[in-house]
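The next block holds one structure in the form of structure tokens; read it before the comments.
In order of appearance the chains are A, B, C, D, E and F, and numbering begins at 1 in each one.
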């Protein structure tokens, strides 16, 4: 059995992200160990706390939150990419804090560590 | 060392699939997913068939059906996302063309 | 405020089911329609995939916004033009999910597009 | 002299946005009347209050704010596009409010009105 | 009615410029800006020269220089962004290929 | 945690000055380098424009992140491969902004890329 890590670069309102969620879910239900998901570039928008997609559309951000709850899946937002898109978890400025609690802001070094921990790093 | 190519964009719109074919080796695998499904009807698909044996060419069935892309068993094999995960585990490495 | 007539073309170049461009474009078309502006839709390149019949977006967790195309008539958006060259290049038959689609050859498509004062492309 | 309106669809960390700002600035300094700028798709990210681009990079969002201050340039964020990217000006939820004050959340109808008011609508 | 074409993407990477050429009319103008500047060295540029007279073909000088794209007066005219704004005012309509 | 060696290829396919892909990719390369991972850079398609000499990003309000390429050596990133076919297609001479760039023909480029365990493409 392999360990897998994922890099996600697509935003929640793209169907490419639904594909990524389906692939990650397939891995988890097949008992493949997913050591973590690293969100980079526009992918960090998946971790926004205040996303409001129309009710009748696919709620990508909520799906990530569910995977985190159900499988304890680590969800890392690249901190630099997040800052460039207005996302922050600054505890000194409650108004600026807008990263959902299921996600962790991490440095790019976390991507290196995921690559080391995992047998395979899949970019989606 | 064999490589899995995940192709997510349309060759009618971007250069990604052409670039994929430029690094493709005979022992590699190709999976068409998302808008990559449209490549089945692009002239470049013949190049893929020439470079790689048919058993190593796949398309995600639901992604093709969602786009009304007609499947032809002589040009490609269908795959579920579960089967894609298995294929990922069986191959050594992958590159995503998106 | 009073709104005067000004002819708008929306040129659709994006495939329907991956990125949000196709949906964002349709939203713009519908709002121009609901303000009773003269709006025409053009489909070129991978944009022609938006109108193809028998798509099943529900298979990929996509809301079937393509059904919204059927509402265009309700908004009096009746000028819908598809580039024949783009269809041909993609091996697509002229089978569409909505009626009243006009397939134009490359020259007619170009000339028709040039009739408008505002062109937005998605 | 013409009236011009702009539609901006590119995010602040793209150099395409610097081009757009330079073009809008050219219009304003030439005394061409710019009736408004409408931000759509990823363009709405320009209106985020908490953007933090690296100090040594071009600060697109601040440039828009300066143009607003100096020329009273109307900056409209498409409300739906903004919600899909976690941007909100909800006065009932101070924590969720993260649209910079130089920008106004507007419906897509504002785009129609700009098109009517302007002789030309330029998409960038 | 004459149309101004603002071309912002590379024809080596996407289909946008080809689509632009497919609707181009003899009285239209083309401006290459941003990554569109790379199109000056694409085979398709000859097609633009065949369809439209040289005085109606422009490139934003700073955008070309930033990219080390060599300018050739027999293939294109240079423009500042101020001059682009003037050109926008002088033409009737525009479409942006990006 | 201990970090073991695993060979990483970063495949650059984006032009340098418009969208942020080129910069985002370089940031990834540098972080892998700073963690002393074996990382090689590949340039294909419009990605080859990233390395071309005499670019002047400051003319378009762009920080000259291209200068950062000069820092690659400091991070022991010494394997930098450019696809000759892509250069040729674009009419580009082999004049680069940094030294130690290796231009490979299409087959050698492909074979070299296949040597790595992880490939990221931007």
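In this text, contacts are C-beta pairs under 8 Å (C-beta built on N, C-alpha and C of every residue); 3 or more make two chains touch, one makes a residue touch a chain.
Since this is a predicted model, take the numbers as computed values, not measurements.
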item	value
Any chain in contact with chain B as well as chain D	A, C, E, F
Taking each chain's C-alpha mean as its centre, the one farthest from chain D	B
Maximum centroid distance from chain C, chain identifier (CA atoms)	F
Separation of mean Cα positions, chain B and chain A [Å, integer]	25
Computed distance of Cα centres, chain D from chain A, in Å	28
Sites on chain C at which at least two other chains make contact	17-18, 20, 45-46, 60, 62, 118-119, 121
Junction residues of chain B - those touching two or more other chains	8, 12-13, 15, 34, 63, 93-96, 98
Chain D: positions in contact with at least two other chains	13, 15-16, 19, 22, 54, 80, 84, 120, 123
Complete list of chain pairs which touch one another	A-B, A-C, A-D, A-F, B-C, B-E, B-F, C-D, C-E, D-E, D-F, E-F
Residues of chain D that touch chain F when the two form their complex	13-16, 18-19, 22, 54, 56-58
For the chain A and chain F complex, residues of the former touching the latter	7, 40-41, 80-81, 84, 107-109, 111-113, 115-116, 120-121, 123
Partner chain F, residues of chain B touching it in the complex	1, 3, 15-16, 19, 22-25, 92-98
Interface residues, chain D side, partner chain A - complex	11-13, 42, 45, 48-54, 80, 83-88, 94-98
In the complex, chain C residues that touch chain A	17-20, 60-63
